[in-house]
Amino acid sequence: MSFETSVGTADADSITVMGRDLAGDLMGKVTLTELAFLMVQRRLPSAEETRLFDAVLVSLADHGLTPTVLAARLTHTGAPESLQGAVAAGLLGAGSVFLGVVEDTVLFLDEIGDDVEGGVARAIEAGRRIPGLGHPVHKVQDPRAPRIYEIADETGLTGLYLARLTGVSAAHAKRTGTKLPINGAGVAGAALADLGFPGPLLRGFALLARTAGLLGHLAEELHSPIGMRLYREVDERAMYSHPTLRE
Amino acid sequence: MSFETSVGTADADSITVMGRDLAGDLMGKVTLTELAFLMVQRRLPSAEETRLFDAVLVSLADHGLTPTVLAARLTHTGAPESLQGAVAAGLLGAGSVFLGVVEDTVLFLDEIGDDVEGGVARAIEAGRRIPGLGHPVHKVQDPRAPRIYEIADETGLTGLYLARLTGVSAAHAKRTGTKLPINGAGVAGAALADLGFPGPLLRGFALLARTAGLLGHLAEELHSPIGMRLYREVDERAMYSHPTLRE
Amino acid sequence: MSFETSVGTADADSITVMGRDLAGDLMGKVTLTELAFLMVQRRLPSAEETRLFDAVLVSLADHGLTPTVLAARLTHTGAPESLQGAVAAGLLGAGSVFLGVVEDTVLFLDEIGDDVEGGVARAIEAGRRIPGLGHPVHKVQDPRAPRIYEIADETGLTGLYLARLTGVSAAHAKRTGTKLPINGAGVAGAALADLGFPGPLLRGFALLARTAGLLGHLAEELHSPIGMRLYREVDERAMYSHPTLRE
Amino acid sequence: MSFETSVGTADADSITVMGRDLAGDLMGKVTLTELAFLMVQRRLPSAEETRLFDAVLVSLADHGLTPTVLAARLTHTGAPESLQGAVAAGLLGAGSVFLGVVEDTVLFLDEIGDDVEGGVARAIEAGRRIPGLGHPVHKVQDPRAPRIYEIADETGLTGLYLARLTGVSAAHAKRTGTKLPINGAGVAGAALADLGFPGPLLRGFALLARTAGLLGHLAEELHSPIGMRLYREVDERAMYSHPTLRE
């Protein structure tokens, strides 16, 4: 009984990745972004798809000193010899609270289908938060959203999801009288879906992009560490209260 | 007291990454590879540097059904709802046995300095394995090595490390009479060092590349899973022996 | 602004954990199990609670060469210098598929409330799988279940959840004519809930128990490794098919 | 070809862990601590060994708001649905900086052998830090050390490592005129070695103990979260400087 795979194989003289000769057809010819597209979609992207995909990945790479970045830096403080552990710790916080929006936006757009006005109305009535709209810092406009729309437009890749998300934003503003910006996570999810990526993997591209971001933070941690200082300050400001006094 | 960072920041209207406006200067203008270079080296790469860097990343992305890929797939079997957990598990095996060579090669090249012949001779006499030489599958030639050298040559980026590694290979063959190929991990380490990346972060780029590879395997796991089958087979073939009978 | 905590604190002469002096009141006086109870419930358990809690933890510690154990062993193969990475990889697969049952059983018992017969009937009609019932190997009886019930009975700790789970099993057998055994994960969840642990942390005790199990497997991996051999065999039996031929 | 294991196995009616019937011989009869000893040493501990082992585990479980605890809490902030991810992130920082001392102490005691005075003298002359001595907070005495020695004495389990560590402390004080306390990590390593645990696994018991500690912190995070607040404060106090201004 065999284990079937189409991802990669090797023999004495050659390495094959997704049906291509690694040394002859991929190295020096495709970028990491094109390779990531190939790995998941099993075909190379067009130049236009690559441009939009790169823009989405670049938009997701960093968000400053986020909880996940702090987790990675604090892990590096204790285990600097295991860079893989610090990166892994930095990825493990990429869950429902921060990255869920990427997927939730696409799920919501699937759920409402073509009935955008009706879907938005029902969500508002049910008191649901509409994923992909609103941002705690970028209250008027998240600069990533118009840029993704612009690149999608230039590359002719505005598809069903990006279009529907615009509709959701408009329907929400019309119904509530409050204009919420389309946020970066939402627009990234819609663009990845329009690029043809499957829902359960959308989060994976945020992980790929964030790995690049984490390397930037860990490089900074090597010469300007904040992990130990952050711990020391928390430790100094820790206020211990007896457990029975708090219940 | 503040927490200094140069990686990223945001205000109501803009997001800044490594001194650039994310939406205006990076999205649609740089690739994920260029961004990863920028995050660590704090400057954008030249076109030649990008070409060599992409070739290195592409060379490191996948190695088929490796132990780390199997760990990621088996983790996905138990926790398909946490893609970040499967990716993290796949990165955690990127330690001394497989990825150490990337760094060990550079450390050895630093250690021997300009005295390549003498350094290799001393290592052989001491019975040390020379990192960067030899491969269990690619016994005559690892196809990644000549390709990296070719691209480094085309881009004018063959630096001290790549040159010295060629010297190590020649000195080893001359002294032992056995020609071992330069392996993919060794040449990747030397090329990354020639690109200016610091030693403690070299492993990080293998992690970035492998995240792309892991997404390919997890995409395959979604439609052609092997994790559960692998477990079931190991379970069936498990041979239990009483602990006291084995000591 | 301070960071409030009741877990632990230290000064020059003493260490306090959950309101107790670590050296004087805990070390040499409580077991790890009692400490784990104290950490979460903020009080020490009675002797009876400790006995049931230990039995549950012991029941969850190991399941042989499971997917999570294989992930830990394969991670150790690549990064033997980072034991924490191998343990972490072994915990990351403790998700919805295997460990979800512990929590799902308690959620189901909460959902049906006192109307056990009705709740089970509705679940069967809706075609739902009833969590806590059935096991792929232990088809007639999971030996952990009667043992937990026995210990709960001896200690007088059979509470609402364990009692209701018995009712669910009986109602299911009556309605379907098929007797499915109460499984080990289900009974563990019910017993932990009867011990007063909160739902979102139930999985955590399986993680604690499994860490002990993982140490056993990693100890075995040190003298009788299977990680590398498992990888080699999968690699040999890998059947590569061109991606376009599989779609 | 089979996969040999002595850890565990199961058939339709029974589950076997390390040669014992799980339901009949272990559940209700041994504690998690005794099981962890059994898993690694393949025999059950005596009552005295259990007492000392429990004391060591209890001593290692918590250290307040440490970097690893903060990493776990910050990971929980982003992915509360994946408790296993938060625990894993909390274990990944258990590396050379904090937990290395447990192992380094035992390695040093092995290295110096019976020549304690000479070994300490050579280490001091070489400017090496002696592992197991000194603590940033407990400058006069780490309360865990005398307690472990007391319990080892009461149980008759003071072995070569604990005795040698006392000698190291005395030799260091005599030679330097400065009395450094034996620290908690050092005494834990020596006690675990005297209990017969192998060097490469010593860190594993700290991981087991810390998992209990992490559950306490994650339980607290559920009702009194600090992760989000810590992030917000770091974010507010982040001082962004242009990368080129800092080099």
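Order of writing sets the chain letters: A, B, C and D. Residues in each chain are counted from 1.
As a convention for this text, a contact is a pair of C-beta atoms (placed from the backbone, for glycine too) under 8 Å apart; a residue touches a chain by one contact, two chains touch by 3 or more.
Being a predicted model, the structure only gives us computed values, none of them experimental.
Here the chain-to-chain distance from chain A to chain D, counted in touching steps, is 1.
Taking each chain's centre as the mean of its C-alpha atoms, the one that lies farthest from the centre of chain B is C. Two copies of one sequence, chain A and chain B, touch each other mainly through matching residues, since over half of the numbers at the interface are common to both.
Our note on geometry: chain A versus chain B, Cα centroid distance of 22 Å, whole angstroms. Chain A and chain C have Cα centroids separated by 31 Å.
Residue positions of chain D touching 2 or more other chains: 1, 3-6, 8-9, 18, 64-65, 79-82, 84-85, 88-89, 92-95, 99, 224, 230, 234, 238, 240, 246. The touch graph of these protein chains is complete, with an edge between every pair of chains. Chain C makes touch with chain D in their complex at residues 1, 3-15, 17-18, 21-24, 26-28, 30-33, 35-36, 38-40, 51, 54-55, 57-59, 61-65, 80, 82-85, 87-89, 91-95, 99, 137-141, 143-144, 146-148, 150-151, 198, 200-201, 203-205, 207-209, 211-213, 215-220, 222, 224, 226, 229-230, 233. By the touch criterion given at the top, residues 64-68, 70-72, 74-82, 85-86, 88-89, 92-99, 224, 227-228, 230-231, 234-235, 238, 240, 246 of chain C touch chain B in their complex. The touching residues of chain D, counted against chain B in their complex, run 1-6, 8-9, 16, 18-19, 42, 79, 81-82, 84-85, 88, 92, 234, 237-247.
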